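Each in structure tokens, the structures are laid out below.
Shared between the two complexes below is chain A, which pairs with chain B and chain C, respectively.
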Partner chain A sequence: MVVLKKLDQDTKAEIKELISEVIEIPVDKFTDTCKFVEDLGVDSMMALEIVAAIEKKYKIRFQDEEIPKIQELSNIFEFMEQAIKKHG
Partner chain B sequence: MKLKDKIAVVTGGTRGIGKAIVQTLARQGACVLFTYLNSDAKAQELEASLTKENLKAKGFKVDVKDFEQVNAFKEQILDKYRTVNILVNNAGIIRDKALAMMSPEEWAEVIDTNLTGVFNVTKCFAVTFMKQRQGNIINISSLSGIIGISRQTNYSASKGGMIAFSKALAKEVATFNVRVNVVAPGFITTDMTSNLKEDYLKHVIPQIPLARFGTSEEVASVVLFLATDKSDYITGQVIRVDGGLGMS
Partner chain C sequence: MDNKKVVITGIGVIAPNAIGRESFWQALQKGTTGIKPATLIDTTYFKSKLAGECADFKAEDFLGPKGLRNLDRATLLVASAAKLALDDACLEITEENTDDIGVVTATTVSVAFAIAKFTKEVVDDGPQMVNPALFPATTMNYPSSYVAIRYKIKGFNTTISTGHSAGLDALKYAVDFIKTGRARAILVAGVESFSFSNFVGFYKAGFLSGRKAEETCSPFDKRRNGIVLGEGATVLVIEDEEYAIQRKANIYAQVLGVKAFFDAYRTADYDPRIRGLKNSMKKVLEESGLSEEDIDYICSSANSVQRQDRLETQAIKEVFNIYANKIPVSSIKSMLGESISASGGLQLAASVGAIKNSFIPPTINYKVPDPDCDLDYVVNVSRKAEIKNVLVINFGPGGNNTTAVISKY
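Take a look at the complex of A and B:
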């Protein structure tokens, strides 16, 4: 369990690695703006798996309303940044 | 203590079948968080009586028709209890009328409470269940939703819809280790059936093979079975508790 203070490049790379494991697509095969469902053929429910993995590792909580809005990696970074700001 | 340390949410828990479900789950060790709409006094009474038995139960005033209220309730529960393991969608109303006499309001109120209410509550808790890879949803439908009962087009539609909803959801969330099942009571002795006229009873009871109305406890004991790990291989099922009335 890691306590996140900010989202630097190393942490972002770590998160991308974590997601790569969940969606079973190598890190060099997707960018921050590739759409999980449309571009990568990932099941839409996978967003939940991704959220569960991140919440567990970084002790952060996504709002339920944010989950349907997760279309690409950049959305995840966005929501995580908001969560960090909110909880200081 | 089949449900020790489990957190259960029960909607419509102050009267009738809901109350029996709250009592039954609490007596098996669950911490039961129940909702109610109007019966403030009955909610306090139920809380007090279970606390006296050294059991854990708490009532929350929530209108299941209102998504925002339900969402706020969910946030409140998760903040305090961190997790939920069991959800029983029991809150339901009747507005019986022949279709020709039924107002759009009488139709909407029943659909909004009995069906949309189930959507509201289940949606709010489903994500929690899926994230933690454990969840158990038990929806209280009715024989009316399976065979249809005269003067209950609204109620039958809402309870039938609840069955289809439950089956679809069961398929969707099975991979997340979340089970969804339905209990369909027949005629049960509660406030909901207390106003049935003598004539109607004389007509209905002979059609019930077990020749009597059921009790709320008899329905609650099936809910308990579905709530425990004894039913771990059961999902997407509808179990009738109807004295044999609806058997095909």
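Take a look at the complex of A and C:
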């Protein structure tokens, strides 16, 4: 478990790696703006698994109503940046 | 409804001694064992070391590399066997026929490991941090449901968890669905996976061989002292004969009858009067329109447990009378181990092989005769024989007894 202070490039790469494992697509085959459902074939269970993995690793909580708003990787980064700002 | 004939048109096998129908039949004919020192678990602290593991099984060979990460071993095994069976039956599932096709899966003990894995994460990391993808496999009907989802089967999806007899109980369920016209083709599946949970459970409950005597899987042999756990998966495609003919399917054999009788006695114990077992045997002969002398081979449920093998022998003697000594009996569990709810399907697949390739699989590891077990057990080497009707037996401690008759088509 990591307590996150800021979202740097290394952390972003780490999160992308973590997602790559869940969706079984290599990191160089998708970008921050690929749509999870339409472009990457992510289903509801994979989405929950991604959320759970990020929560566990970075000790961050996604609210249930926030999850459906996540359409692409950049949305996850935005959400995490806000969470870091809020909780310092 | 009794006019409908039920036929077997596809066979998928993942067994400890072979993968695929033809290889399985060849392995049985050669008497090849699948029982070896366990590799999937660490047996250091146990006196029992052996298992019938499907060591060569690689799910990606059948299901492709993607989407398998969160599937438990039982689901991987049965989904792979289903692929083999569907290909073998040349049964293409389409929007037009899917409502007439169902899947029924026998499985009982495998789920224990998935539950343990999920619970461990809850305890170790806290309930908020648990990976939700581990949850589906904790339900007993996950293997069957996954098969239905993966192959787009929409007629019905059922799981039968009657332990030792579940394999034949699943067959009975499917036969009833076809005879009542509620389905035209059914995937009859059976699966158990070997895991630490099952191993420890059966070991501590005193069921495994090797705790008090030499570790051996030797049905009917005087040295027998418990089971060696096995694993495996089978899927048989069974169909309404009319439907099979209409779609020009290759027919392997016919299911003449299946009968189940329940005779609960005590927890994890056998009824010494074996009423249920004898009744199921008598009634299945009646249902099949056969008399005792018509049975050419008995595919036994003997699993190297003292009472199981003795009681089955006694039931055969009481039901078959003067014919009991004339009918070859053998236990393929001598080569595969006891795989609980997967055993029935493996026995059915073996019986079809016996009919098709004219042989009786041996009871291997047989050395020391037991005066209580004195039938013709086809010991150690297989036997060539023309076989028309096979009686397949499933029973165990707990009161479930089911027998089936499979016949040449």
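Convention: the second predicted complex is superposed on the first by the 86 of 88 C-alpha atoms of A that agree within 3 Å, B and C clash if a C-alpha of one lies under 4 Å from a C-alpha of the other, contacts with A are read in each partner's own complex, and residues count from 1 in each chain.
The working rule: contacts are C-beta pairs under 8 Å (C-beta built on N, C-alpha and C of every residue); 3 or more make two chains touch, one makes a residue touch a chain.
Quantities reported herein were computed from a predicted structural model and do not represent experimental measurements.
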Under the stated touch criterion, which partner chain does A:67 make contact with: chain B (first), chain C (second), both, or neither?
first
Which holds for A:55: it touches chain B only (first), chain C only (second), both, or neither?
both
More chain A residues in contact [chain B versus chain C]
C
Which partner does A:24 contact after superposing on A: first (chain B), second (chain C), both, neither?
second
Chain A contact set shared between chain B and chain C covers 45, 48, 52, 55
State the interface residues of chain A toward chain B in the complex, per the touch definition above.
45, 48, 51-52, 55, 64, 67
Interface residues, chain A side, partner chain C - complex:
22, 24, 45-46, 48-49, 52-53, 55-56, 61
Which of the residues in chain C end up touching chain A in this complex?
65-67, 69-70, 125, 128-133, 136
Touching chain A in the complex: which residues of chain B?
71, 124, 127, 130-133, 172, 176
